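In the two complexes that follow, subunit A is the common piece, with subunit B as its partner first and subunit C second.
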Partner chain A sequence: MFTLFLEQLLNGLQSGVMLFLMASGLTLVFGVMGLINLAHGSLYMVGAFACAAVAAWTGSFWLGLVASLMAAAIAGALVEILIIRRLYNRDHLDQVLATFALILIFSEGTRWIFGSFPLFLSVPEFLTGTVMMPGEFQYPLFRLAIIIAGFVVAVGLFLLIGKTRLGIRIRAGEADRGMIAALGVDIDRLYTIVFALGAALAGLAGAFVGTTQSVQVGMGEPVLILAFVVIVIGGIGSIKGALIGSLLVGFTDTMGRFLLPHAFATFLDPASATAIGSALASMLIYIVMALVLFLRPSGLFGTEA
Partner chain B sequence: MKGIKTTIAAVAALFVAGAAQADPVKVGMITTLSGGGASLGIDARDGFMLAVKQANNPDLEVVIEDDQRKPDVAVQLADKMIQQEKVDVLTGIIWSNLAMAVVPSAVAQDKFYLSVNAAPSQLAGKGCNANYFSISYQNDNLHEAAGGYASSAGYENAFILAPNYPAGKDSLAGFKRFFMGEISGEVYTKLGQTDYAAEIAEIRASGADSVFFFLPGGMGIAFMKQYAQSGVDIPLIGPAFSMDQGILGAVGDAALGVKNTANWSKDIDNATNKAFVETFQAEYGRLPSIYASYGFDTANLLLSAMDKANVSDKEAFRDALRAADFNSVRGKFVFGPNQHPVQDIYVREVIKEGDVLTNKIVGVALKDHADAYASDCSM
Partner chain C sequence: MTMNRETLINSILGLALVAVPLIALGMDEPFIITLATKVAIFAMAGVGLNLVLGYGGLVSFGHAAFFGIGGYAAGILASHALNYEPIMTWPFEVEGTTQMIVIWIVALVASALIALAIGAITLRTSGVYFIMITLAFAQMIYYFAISWPAYGGEDGLSIYVRNGFPGLNTLDPISFFALCAVMLGLAMAFSAVLIRSRFGLALQGARQNSQRMTAVGIAPFRIRLVAFVISAMITALAGALYADLNRFVSPTMMSWHMSGEIMVFVILGGVGRLFGPLAGAGLYIILEHLLGSSFEYWQLPLGVLLLIVVLFARGGLVGVLAGERKHA
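So, the complex of A and B:
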């Protein structure tokens, strides 16, 4: 039971790290540009499809990974220049409508190119198999690799925002966009870069997740909802909040699915324990979100509105 | 000029029709053609339309609409088809929750409904109806067969999982109805769940000697890939939906050797099936799935009834449907008293033919299997 518990902790960590890749882009775009981007999940799908298609064509997962970053970043930049740019001064309802339309366009466009049947994408050869973890249990090597890759990206992102010139501009853009424009920063270009960066992170998450799941049209929407839960918990616009929120959601979801049925089984018969336990587990992250909002209405790391 | 010509043509057509004693039949097909579940609906539609094309019967007209896997959309489409298009027959629904939203009111308005897939227990027992025919199966059938197979294969301790929705609960109930051994763990996952790490860890720790899973579409792809990556090697058993032709390509070699139960397979040995598989491949450039086979049989059943009776004579047409006098890709085809098929259910194994993954029959799980609800149906 203890090793199972350790294994589930790792699973929670892995799902949290993947969520962070999605949520960080979403929260950056919202924080810097004040834009609600529902099409973020579509960029995730673009990444997964690009990776699957290029990996199938060239036989190399790594080229696929590069392709997913490029395709999502280019798609993101194009969308920003052609459509999103016109929405910054509109209210949130217009943004939601326009980016919802983008979801439909991306979905049908992908179906038009790749068809309705899911694509194949597999883990690269040397990352298959399992490793023996301390505590005597087997853990899939690829999930371990995802955890490490996710943390590397997270550290890189913190350094980018905290230490570089671009990061300073992004933070300045968050604080007062009128002022940095007045100081001579090309705000249009900055916005395009931030949007493309967020898109690339989503595309990367799509490629990683595509290797363990189904690469199909519509795969982005369930993740998008979770990513919104994360940024609401973490505080909108905060990268640190996105990291803590992702891990919290990842752990809550995994441990809830694992522990709740066992907890109910101590005083109920097994069939109803699983039924009630799994029903409650699927609500758990929303309960956590409600609690966080009740105690801290602007999220864990949000600035007071 | 053109008006006169069409009038003459119409009059001529009237004479011809009068001679052949056949009213045209209009079919409304409501199925899932977009979104996550689209590959199932597309296959059912393509199978149906292949049979329609081959029969080339000018009296048959088909209207096709996309339900987007949403019950409210399906209900609107059904209303539109019944009131505006004036269809005689409805068909096409893949998902049981959509079928429950559409079928009861359609058959109450005296329209025929021929199911190409969804067949919830509610419509097989007390809620059965003389205008409702399921060509595919009753929802529990393939899961019952999986339970029967697991027992006869000597498994004594199964871990079972399915999504937390009505068809998922029917699935586990069906499996348990025919499985003699112990259940070492029973898990309901979220509908549409994509990460199964937590469940796979439990399977590893459960000490089961077999795993039964019902996860159709993308859920099955995700589960299979992660199961293979996890290194757990407890044998998997599932209904055909978890190992369907449409998803095998996306699962890859991880699917090899998995046993699944089905009432159709592309290697059932009869002339109709052989021709179906060949012509489907020639027409669409891919192997047919089980949903395509249901669509094909449904259209052929309808065509056989049109040859025998006039659709305006409901009673005669119903009898003609009940007789099921057509060549099924499953070989023989017989309806039980509640108008659901009584049929053999096979065990298939996933194999590789060249580069293509597909299923091969390795045995019979249940012979002449009828559903558990037929006795509740008073018809």
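So, the complex of A and C:
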């Protein structure tokens, strides 16, 4: 029971780290460009499909991973230049509708190219198998690798935003877009880069998660909504908030699904404990979100919306 | 002149909704009557959303939840009645029913209570937070419907015989259409009266300038909350009709795709226009039917078309045809 608990804790961590890859792009795009992008889940899907297709074609997961980054970044940049750019000055309603239309286009286009059947990505040879963790339990090596890779990317992102020239421009763009344009920064190019960066992170998450689950059309939508919950909890526009929110949502969701049925089983019969426990567990993160918002209407690290 | 043109377009839309099924009846094309019924029901869901989205400026991305609550009211009550199982036996016995009127009342009350709770939390936020939180609450109810096994869970719930209405054979397509069209008409009339009332003016005032509204002594929060509840009730009523149209209800009715579609009806037709949802739902169903019968991946051209509407045809169908509104 205790080792199972530790294992679930790690699963929660993994889901939180993957969520962060999604949520950071979403929150950056909102923070810098003021755009609500429903099609972010489609870029996640593009990454997963690119990885699966290239890995199947070349036999190399690593080339697949590179392909997922490239494909999502290119798709993101194209979409930004062709469509998203026209939406920055529109109200949120137009943004919601246009990016909803983009989801239809991406999903149906992918179905057209790849068909409705899910694809499967296999784990590279040397990452198969399990490792013995402290606390005496076996944990899949690949999942552990995903957690580490996710953290590496997260640290890289914090360094990029905090320490580099590009990061300074991104933060300046969040603060005052008129001013940095006046200072000679090519704002159009900056926006394209930010959008492509967010897309690449989503595509990478898609490739990672696609390896542990199946790659199929519509896979981005549940993750997108979780990422929304994350950035609402963390405060829209805040990368730090996205990290805290991701981990909170990842742990709450995983541990809720694991613990609640057990908790209800202490005073209910097993069948109804499972039913009530899992029903409540599926709602738990939304309850947490409602609670956070009730106390802080603009999220944990948000500025006044 | 623009007002006259909008009135003319509205009359044509209303006439078309009534004329098409009647012609279909003459030509013995029950499928077209069913399509028109679907248009009327979707338009009604849109009328509900338009109240908050169009007049209140509140972009609710979770109205599918209320649509689904209406649907489940119909499904659950009918299944209890058909299985002769009381819904509850303590502290007093409650039986299921196959009477639409009772189902509608239950749908209205249930959606009002849930909208009151959701609105009380979500309306504390604004802008993009409001969009995402209404979406998240709808997802919460959606996942609850999926994981709660008592009423079919993910598989949904069948209504074996369409529920009844006094003096009407609801199984007859044209009679059921007439019922749905009358309900749509009532919802639109109610909405028209409401937006011209003091309450409606306050709601639109809160959209345009909520600080000024507060300054003249009207609390925007309460106005918006009442509008949110009324809006949810209209959409739930449409959901109850939709479940009866399909004789089936499932969590899909509550999915975020459905929320998006209801929003599309409103925007495609024209935000904040009385006949906008009807125009939008009509156009959507016609497109779905035409594209869907000729191309397997019909959502692809639909998406492209939606993009074009958002980018280039602001104001939706009614807006493009009737021109700018006099009072924005």
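The criterion applied here is as follows: the second predicted complex is superposed on the first by the 304 of 305 C-alpha atoms of A that agree within 3 Å, B and C clash if a C-alpha of one lies under 4 Å from a C-alpha of the other, contacts with A are read in each partner's own complex, and residues count from 1 in each chain.
To be clear about the criterion, contacts are C-beta pairs under 8 Å (C-beta built on N, C-alpha and C of every residue); 3 or more make two chains touch, one makes a residue touch a chain.
Note that this is a predicted model, so its numbers are computed, not measured.
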Subunit B and subunit C placed together on subunit A: clash or fit? clash
| Between subunit B (first) and subunit C (second), which does A:A56 come into contact with in this model arrangement: first, second, both, or neither? | neither
Margin query: With both complexes superposed on chain A, which partner does A:Q213 reach: first (subunit B), second (subunit C), both or neither?
Written below: first
- Message: Output check: A:F120 vs subunit B and subunit C. Expected answer is one of first, second, both, neither. What do you get?
- Response: first
Touching partner for A:P297 - first (subunit B), second (subunit C), both, neither | second
- Task: Look at A:Q14 in the shared chain and tell me whether it touches subunit B only, subunit C only, both, or neither; answer first, second, both or neither.
- Result: first
| When the two structures are overlaid on chain A, which partner does A:A182 contact: first (subunit B), second (subunit C), both, or neither? | neither
Looking at A:G129 after the superposition, I want to know if it touches subunit B, subunit C, both of them or none. Which is it: first, second, both, neither?
first
Clash list for subunit B against subunit C, restricted to 6-14, 60-68 or 96-104, contains only 96-104
Dual-contact residues of subunit A (subunit B, subunit C) 107-108, 111, 275, 278-279, 282
Subunit C partner, complex, touching residues on subunit A are 30, 36, 83, 86, 92-94, 96-98, 100-105, 107-109, 111-112, 221, 225, 228-229, 231-232, 236, 275, 278-279, 281-283, 286-287, 289-290, 293-294, 297-299, 305
Per the touch rule above, subunit B residues touching subunit A in the complex are 33-36, 38-39, 42, 164, 183, 186-190, 192, 194-195, 197-199, 201-202, 204-205, 217-219, 221-222, 225-226, 229-231, 246-247, 249-252, 286
Interface with subunit B, subunit A side, in the complex: residues 1, 3-4, 7-8, 11, 14-15, 107-108, 111, 116-120, 122-123, 128-130, 137-138, 140, 142-143, 209, 211-219, 222, 254, 257-258, 261, 270-271, 274-275, 278-279, 282
In the complex, subunit C touches subunit A at residues 53, 59, 61, 121, 124-129, 131-133, 135-137, 139-140, 143-144, 146-150, 256, 260, 263-264, 267, 271, 297-300, 302-304, 306-307, 310-311, 314
